[in-house]
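Once you've had a glance at the structure underneath, I'll fire off some questions.
We just call them A, B and C in the order they show up, numbering each chain from 1.
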Amino acid sequence: MSEESGYAVELREVTKRFGETLALDGVTLQVRDGEFFSMLGPSGCGKTTSLRLIAGFETPTEGEVCIGGVEQGRRPAFQRPVNTVFQNYALFPHMTVYENAAFGLEMKRVPRSETRERVLQALEMVQLPGKEDRTPRQLSGGQQQRVALARALVNRPKVLLLDEPLGALDLKLRKAMQLELKALQERVGITFIYVTHDQEEALTMSDRIAVMNLGHVLQVGPPAEIYERPASRFVADFIGETNFLEGRVAAVETEWATVAMDVLPVRSSFARRPAVGDRVTVAVRPEKVRISRRRLEGPNAFEGRVEGMTYVGKDSDYRVRIGRETLLRVRVQNETTDGADVPGVGETIWVQWPPASGRLLEE
Amino acid sequence: MSSRRWGLGAYAVLFYVYLYLPIVVLIVFSFNSDRLNLFWEGFTWRWYEQLLRDGRVALATRNTLFVALTSTFISTVIGTLAALALQRHAFWLKRLSEPVLYLPIVIPEVVMGIGLLSLYSTFKLTLGLLTVTLSHIAFSIPFVALVVRARLHGFDRRLEEAAMDLGADEATTFRRVTLPLILPGVLSGAMLAFTLSLDDFIITFFTAGPGSSTLPLLVYGMVKTHITPEINALSTLWVLTVFVLLLGSQALQSRSARTA
Amino acid sequence: MRAIRAWGQQIRESSSAQGVLLVLPAFGWMLVFLILPILLILILSFAWRGQYGPVDWGSSLSEFLDRLSLDSYVRLVDPLYLEVLWTSLRMAAVTTGICILVGYPVAYFLARSQGRLRSLLLFLLLVPFWTNFLIRIYAWMILLRTHGLLNRALVGIGLLSEPVTVMYTPTAVMIALVYEFLPFMVLPLFTSLEKIDAHLFEAASDLYARPARTFWRVTLPLSLPGVIAGTILVFVPTMGMFVVPDLMGGARTALVGNLVRQQFLSARDWPFGSAASMVLMLLTLVATLIYTRVSGFGEELAV
C-alpha cells in the first residue's frame, strides 16, 4: 500500500449493493489533489452513492475507498477528513448560522477563541458576514447554500464533497454560484468532488469530469475532451446535443475511416482503429456543421433540404434531410447572419463538416 | 349556499349546548347548599372545604400523581425508542412488534384489565401502586410510540448525516441533533401518556388494591353510593384542571408553531 | 472488554440489530403485560372454578391440563347470556351509528370554519374529550334523575305532564354512551375532513356536481378514514363498557363488560369470566376487521 499515491481520493474496484439493486459495479476512480472533480450522470447512475461512500455514510460491499492514500475501511463518517455540502443543505434548524458553522470545530474540541475566528472568517469568505445570529429559516435559499459551504469549509477538510448543491437554486443564481464556487475552490486549494446531473454545470466548473451510468464510470477527462471526444454513444448523447449517423466501415486510412451510411460516404476520425465492415456510429455535434446556399466542396459535403427551423435566440436550429433518410441537426449562430437572408424551410442547401469533428463510436 | 351554512351553524350551536349543558349544571350545583342537590338553595363553598379536609381525596390525588408521573416517564422513554426503531430500521421483529403495539387500541379495556388481574394473581403480585403503574406503562407505550412516530415521519435524516460528517459520533448526534428536533413529538407523547394515566378508570379498577385508590376510582366509589355535592365540587376542580392544562398546551403549541 | 467492543461495532453497523435493540423494551413490556395476560385468560377460560379460589389449579400441572375443557364456553350458550352478547353488540353498533350521524355535521362545520372560530370550537371539543368519563356520566345522572333538572324543566314548560323515569333504563344508558363517545367520533372526522383539499369541491362543482352529489361522491369517500378511526374509537370501548350500565342501567341493562366484571370480582368464577371476555375480544376484533375490510381501509388505524 503506497502512502503517497498522490490522489486525494481513490476508489478501488468499489461495488455497492442495496439488497437486490446494484448501485456501483466495480468502480475505479482517482481524484487528484487540489482538483475540481465532477461526477456527472443521470439519476440512479451511482454518483451520489460514490459520494456517500467517500463521506462514510455507506460502506462498500466490495472494494476499498482511500482518502489521502489511506484506506478507510469501515471508518464512520465522523472519523474521515472530508466534509459534505448536502443537496438541501441539511442545516440544523434548531441552531443559528454561527452554531451551524461552529458545529464541526466544536466536535473537534477546537478552542473557543479560535473557533470564533475561523467561523467568522469562513462566513466572510462565503460573503455572509453579520448573519451569525439568524436561524437557517430566516435565510434565502442562496444564503442557506453559503452557510452550508462555510460549515463544511471551516473544518479545512482534505476533500470537500458537494451533492448537487445548486440544484434548489433558480437559474440566474445557479450560474452566479457556479463561477463563485470555482473561484472559491481555486482560492482555498481544497479538492472538490462535485456531484451533478447538469452537464453544463460540470463543463463550466470542473478540471475533470467522470461520466457515469448504471453504476459504471464511462469516461474520465477534462471537459473539452469529454465534449469533443466522447468515448461512447452514451457520453456523446448525455453531454450536449449530437447527431448519430449509423453505418458500416467501408475503408480505413491512417487518420480517417470512411463509413457508408444511407447512400452517403462519411469520413470521420477515430480513437481506435476499426475494421472494414464493422457497424459503427459517427457522432457529429450540430454546431460543427456548416450550412450554405452555395455548393460546398471537400469531404462530408452533402446537398440537403431544410425540413424545419427553430429560432432559439442566439442560435437557429435546422433540421436538414440529407441522403434518403438521414435527418441532420445543424446549429447556426445568428450573429453571423443578423437574422436576415437565412435559408428557409423547403430550400435546398449544402452542409459540410470536417472529418476531425466527427467521432467514430463502436457499438 | 349561505342558508345551508346557517343551518349547519345553528346545528353546531345546538351541539355545543348539548355538550356543555351537563357540565355547566354540574359546576353550578357544586356551589349549591342543598345536600340532596335537587333544588337550588343558595351559594356555598362548603363542599369545597369538605373536599379539602377529606383524607381520601388527598391520598387518591397523591396516588394518581405518583402513578401518572412514573408511568409517563417510563412509557415515554420506551415508546420513543420503539418509535425510532419502527420508523427508521428494518428488522425481523418489526412485523411482530407493529401489531402488538396496535393491539391495545382494538381490544376492549376490560379484557386487558382482567388479563392483568389474572397475571398479577397468578404470579402472586400484591395489587397496589406497583401493579397499577406497571399496567399504565403498558397501555401508554403504544400511544407514545404512535405520536413520536408521526413526528419522525418528516424527519430529514441528512441532518444526522451532516452532524456525523462534521465529526459528531452517534451519541453526540443523537443528543445534539436528533433529540432536540423530535423533542416536541416526545413531549406531546408524554403529555398524552400523562393524561391517559390520570384519566384511566377501567384498568386501574382491576389492578388497584387497598390503599392504592386513584381519583377516578374514588369518584366511582362516591357516585356509586350516593349523589352528593362533594362529587360536584371534585368534578368541578377536575374540569377546571383539564381546562387550564389544555389552555397551556395550546399556548405552548402556538408558540412552538411560531418559532418553528 | 474486547468482545463487548466488537459487539458494539457490530451493532453500530447493522441497522437491523439497532432496530431490534431499540424496540425490545417496548416489545418485551407488551409481551409481559398484554400478550401474556391474554394468553392467561385463554388458558383460564378452559380451566375449572376452584372450591376456595377463583381458579382450580389442581395438584399438578398434568392434572390441571387434563381437566381443561370447553365447559365455560358451553355455559355461555344460554339464552340469558346470548341475550347479553346481542344487547352489547347492538348497543355498541347503535351508539356508533348515532355518533356518526350526530357528529358528522359538526365535524364538517368545524372543518369549513376558519381562524379564531375554528380554534375556539376545537378547544371546546377538547375539554369534554379530556374530562374524565365518570364525571361526564355523573353530570347526566344529575340531569336525568326523576326529580332532576331535565324532568322539572320539561314539566315546567308543559312538554310533560309528569316526570318520566329515565334513570336505570336502557334509554339512560344510550344517552350517556352517546354523550361519552361523541367527541371521540368528531375529532377524527374533523381531522380527515380538514385534510381534503378545498379545490376538490371547486373541481366537483366545475364538473357540474350539485352540492349534494359533491358530498356523496367527493366529501364522504375522502372522509372515510376519519369515519373508520372514529368508529373504532367508539365501538371498541362501548363493547367492553361496564361502568355506564353499572351506574345508569340498574339491573336491567347488563352488557358483556358487566358479565365479565361480575364473574371476576363478585361471583369469583374466573374460568367463566375468561370465556366471556375471550368471546368479547373476538367479537370486537372480528367486527372491527369486517368493518375495516368492507370499508376497504385496513391501513387507516392511525388515530
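Side notes on the structure shown:
Everything that follows uses one rule, which is that contacts are C-beta pairs under 8 Å (C-beta built on N, C-alpha and C of every residue); 3 or more make two chains touch, one makes a residue touch a chain.
Quantities reported herein were computed from a predicted structural model and do not represent experimental measurements.
Each chain's centre was taken as the mean of its CA atoms, and the one lying most distant from subunit C is A. Here B is the chain whose Cα centre lies closest to the centre of all protein Cα atoms.
For the criterion of most C-beta pairs in contact, the winning chain pair is B-C. Note on chain placement: the centre of subunit A and the centre of subunit C lie 60 Å apart, centres being C-alpha means.
With centres defined as mean CA coordinates, subunit C is found 16 Å away from subunit B. Centroids of subunit A and subunit B (each the mean of its C-alpha atoms) stand 57 Å apart. For subunit A, the set of residues that touch two or more other chains comprises 76. Counting partner chains per residue, subunit C shows two or more touched chains at residues 12.
Across the assembly, subunit B contributes 170 as residues in contact with two or more other chains. Contact residues of subunit A toward subunit B in the complex are 55-57, 76-78, 82-84, 86-88, 90-94, 103-104, 107-108, 151-152, 155.
Per the touch definition, subunit C reaches subunit B in the complex via residues 12, 15-27, 29-31, 33-38, 40-41, 44, 54, 102, 105-106, 108-110, 112, 119, 121, 123-128, 130-143, 145, 147-149, 179, 182-183, 211, 232, 236-237, 239-243, 246-247, 257, 260-261, 264, 270, 273-274, 277, 280-281, 284-285, 288, 301-303. Those residues of subunit B whose C-beta lies close enough to touch subunit A in the complex are 156, 158-159, 161-170, 172, 176-177, 180-181, 260.
Listed in rising order, the residues of subunit C touching subunit A in the complex are 12-13.
Across the complex, subunit B meets subunit C through its residues 1, 4-5, 8-9, 11-12, 15-16, 18-23, 25-26, 29, 37-38, 77-79, 81-82, 84-86, 88-94, 96-97, 100-112, 114-119, 121-122, 134-135, 137-138, 141-142, 145-146, 150, 170, 195, 198-199, 201-202, 206, 215-216, 219-220, 223-224, 227, 231-232, 235, 238-239, 242-243, 245-247, 250.
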